[in-house]
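These notes open a run of structures that come right after.
Presented sequentially are two complexes of chain A, the first with chain B as partner and the second with chain C.
== the complex of A and B ==
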């Protein structure tokens, strides 16, 4: 009797909750999963073991602290660039404006990604104010301006919440104004005391990468959309022009385009033409990326069923409204990952400006190592550090894109 | 990577050191072996295609799953191996001799087998993983762009998840994927110029060296033309394929 009772009694169901259940479900679901888990786990463990061993043990991080602020602004604050005065406050003023704008974005959105970004920036800037340098190496003014980012964020939030400035359109206008103001501050104005001009050739470091990336990312999307629409248009002249532009700019390496912009473009313009190396680099990077962007958008456009546009026409929408209101929103939503991939590419491509002898964050490190004998054995530390810096920025882009996709319900319907 | 003397080895089979990775490889006995290889490959491929066609027709006629792709692959391996055995039995000796790497010489060079140089491996691994990450995002965009109803309808018809992906989702995803994918392949061919950074003299590196003697502008124009020719070829092939997968209206 007892035996049969035991036979009919079902075994308890497998644990599917808690850590063990999660592991069984996701890591060891099938024998194939289990094999993959073991292989990847071993590789990860080995990589972590040797990687952390090197980071904490053998690596000499003094090259990073020796470079310090030069990572951020290059030789902007040197005597040669900015003689007779301290210019560090100008890029820092730009940073404070960014903090305030992020605060406003937080106030307008009421939370979400904008809040995360604003808080991360404010906390990081405040933390940087307490770097263990002596006061001679990192002045009190520099530290105070870094600490000012947190109150700036709060003020931005308050302004967006309690004044009529808190609308997305006004924030966009303010952002453009702040960017232009930052560029003017960095460039300086001749004749204004305290704002001595600094040649753009002396701009450098992460600041240079970020300026180029912001210009490129803002402009390459609209230009790319225009090119993609042109490539699919029925007008033969427009179509041919767009195809030639896209294929030529996509077909040659960016580095040769930058080189040509430096050597050939000045020949075509009169002397003293206000087109410096920074704006040439920005134009080339923007055009290069917009050719890629056009192809991404084209992919999104051609995946739309023609019935969408036909239905819009049948409802009586004119052609431009069909494109702007029906086709483009769906097309762009389809290709958000490819677009963000292109933004990330663009940000990394800004390091190529070394070919026109501008000292971006990578080149400033490379130049420092080759000119300081005591650090000649430490390129590895430098490049690991640079990789981490770039990863932080590219991962933020990727994170924002994931949030945008989630918000738009990509893949949900 | 450790030095050649202290590398990880399985004596006579595998050497991993800072020179690269050496593995046993088929040693080629000149033209004879090459012809034998080609003939065997042709036999295997032709039989695979034949089996695939036959089974596909049967599947369409009878309505029962007969796994044409799987059977084709199996046929290729089995018939190829059988043909190899026949060749070996008839000629009395195998046309393929396995050459194993061995350590020798004053500088502990690896002789025989196939050696992949460490620099080349580093370049390949770097380029492949870098481009793969970008392509992964593009493919993801393509797959998420296909309406959920499509997948659900296909599963409701009883297709297995793999077949839903292969026959419903992916063909539609390709429309989003192909144009950016062409861009990525162009990027890959352009990024291969980074081989110069680890000591290979690729096109860009040779051009940089030449700028020491010739006018940089003319050399860069030649380099641009060379890359442009390469890219346009890729792009043409890609766009021809792209035209095939577009919407067709009946």
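== the complex of A and C ==
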């Protein structure tokens, strides 16, 4: 008797069997479900039929290959920008540094998302080296520097694995150093042969979007945290300043802020301060996102049980340590989806710098189409391509955030 | 009527005419009492009577607005140094445990000794293991709070408070959020602590525990002490009619 009881009841009962059973259960359960299934299925099939038909048949993808490297660096390597010399190696050096840093991250993490990211970048860069352009259109030096990303990844991995540089803190410091070095390389140094200055007005393409996004994302989180804490502070002056800042930057459209940046940001700096359009845009995008970030963080802080801070205070921890060690880590973890949402939104918002005549990846494509009659019928191809590029970046961010959440979720429920 | 019994030894906590308002609500109406070194005081009373508020004023989780409180010869004022000094000497255990969910059991316990007492990690961890052994769960050190049962969480909370080596322990309804079968394991730890000579103030509804462990039972009602006596007198011969009513309700 006991044996048969165990055999029949120890496992959960199976309700459906096979694909047909699953479909009957989930797709055609009631006449309403069945109707919805038929309507949605038809729409999906039609969409796929015409969509794929266009992608594989009618679409003229030559506009993408004609733009080529300009998607990546805009007008950076043109004769006007670079005084007739070849400057393509400078952004490429930046890419190689990114590959090496990702390799280091892989070495430190020992696998996981860092390994995926490092391998994807190395493989993609190597693949781009074999694009079927002629050597005139895409020189041997450009291809070799692209191929250098793979060994750079390997060197980064080895450095992190076998030298004392392989700690997260040192990687963070190196990353900041590499970013600054990249900016200096791109900008050039007057008087140094081979590093003739390139005006930031000639920076463009995906490079410009990424530079603005990296600055914005690294700075808006700490500034947002400071604003959130300030808004909850007991000091009335600090509190009022933070509230005014947040409400002003949240209340004005980013486009308006970017317009105003041309006239207002210089007022905050001494006269003749060398402030170019790129730094103005970076400042505005950072501050705009900080205001939203502050409210995300504040939401996370408010969701905490007051007993958490009480327990920390009862143990004798001073207020700032309670905030730093108990409240903030929990608050930030609780609002990771909102934080990453803000990062994604910031990355997409970098396209708005066309307002202050900067040629980001979208604007360079749009400008190209409107100035080349042969491609004026191909905006669809261009924008589908741009959508895919943006989706790849934003989905990567979303994927990393999912991994981070999963990693931090240990012990949470 | 109410017999104010002086603590048998030198007092470590002295409260004189302590008042507390929440907005217009007068939560504490001039509480005066003292607690001796090593004394175990159990506080009873209906909900809303101010008993939790009272023990929370002792480590300044609630600020009293009139009267004075002196803990271990330090007066509680707005001076942050005094508040921090008192909190270092006063451990607290909460009804809802309030363990830090993002830290392991070990980190929960070592955090304050390392940050406040500036102990090196090795010393703090060694002490933490000793306290976990004392509360009976040394094998749970590397788990996160959410992986433990309620009774285990509360025992970790007790170990966390003890790790600061306090002179006084405050218990704010430590077993009220626990399933019946877990109450005993927490009370056992508290019994053991009581025999070690710790000064303890315990807000609880566990009458059996009060009879067994308390040197003195205090009953709160409507923001003040209505009865204060050794457990024998308190439970067998209550003087105040509020205390008689309360006891007849909870002793049924």
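By definition in this document, the second predicted complex is superposed on the first by the 357 of 413 C-alpha atoms of A that agree within 3 Å, B and C clash if a C-alpha of one lies under 4 Å from a C-alpha of the other, contacts with A are read in each partner's own complex, and residues count from 1 in each chain.
Everything below uses one rule, namely that contacts are C-beta pairs under 8 Å (C-beta built on N, C-alpha and C of every residue); 3 or more make two chains touch, one makes a residue touch a chain.
The structure displayed is predicted, hence computed values, not measured ones.
**Student:** Do chain B and chain C fit side by side on chain A in the superposed arrangement, or is it a clash?
**Tutor:** Chain B/chain C on chain A - fit side by side.
**Student:** For A:151, select first, second, both or neither according to whether it touches chain B, chain C, the two together, or no partner.
**Tutor:** A:151 sits against neither chain B nor chain C.
**Student:** Per the contact definition in the header, classify A:313: touching chain B only (first), chain C only (second), both, or neither.
**Tutor:** Only chain C; A:313 stays clear of chain B.
**Student:** By the touch definition at the top of the document, which applies to A:248: first (chain B), second (chain C), both, or neither?
**Tutor:** Only chain B is touched by A:248; chain C is not.
**Student:** Can A:299 be said to touch chain B (first), chain C (second), both, or neither?
**Tutor:** Only chain B is touched by A:299; chain C is not.
**Student:** In the superposed arrangement, does A:379 touch chain B (first), chain C (second), both or neither?
**Tutor:** So A:379 meets neither chain B nor chain C here.
**Student:** Going by the contact rule set out at the top, does A:139 touch chain B (first), chain C (second), both, or neither?
**Tutor:** neither
**Student:** Quick one: chain B or chain C, who's touching more of chain A?
**Tutor:** Touching more of chain A: B.
**Student:** Nearest CA pair across chain B and chain C in the overlay: distance in Å?
**Tutor:** Superposition on chain A places chain B and chain C at a least C-alpha distance of 8 Å.
**Student:** Pick out the shared contact residues on chain A: the ones touching chain B in one complex and chain C in the other.
**Tutor:** In chain A, residues 305, 333, 410-413 are touched by chain B and also by chain C.
**Student:** Where on chain A does chain C make contact in their complex?
**Tutor:** By the definition above, chain A touches chain C via 305, 307-308, 310-318, 321, 325-326, 329-330, 333, 408, 410-413.
**Student:** Under the definition above, what is the set of chain B residues touching chain A in their complex?
**Tutor:** Residue list for chain B touching chain A: 134, 137-138, 140-145, 147-148, 172-173, 175-180, 182-183, 186-187, 190, 193, 204, 216-217, 220, 223-224, 227-228, 230-232, 235, 242, 246-247, 249.
**Student:** With touch defined as at the start, can you tell me which chain C residues reach chain A in the complex?
**Tutor:** 59, 61, 84, 87-88, 90-92, 94, 96, 98-102, 104, 111-112, 115-116, 143-147, 157, 160-161, 164
**Student:** Quick check on the complex: what are the chain A residues that touch chain B?
**Tutor:** 247-248, 250-257, 259-260, 263-264, 292, 295-296, 298-300, 302-303, 305-306, 333-338, 340-341, 345, 405, 410-413
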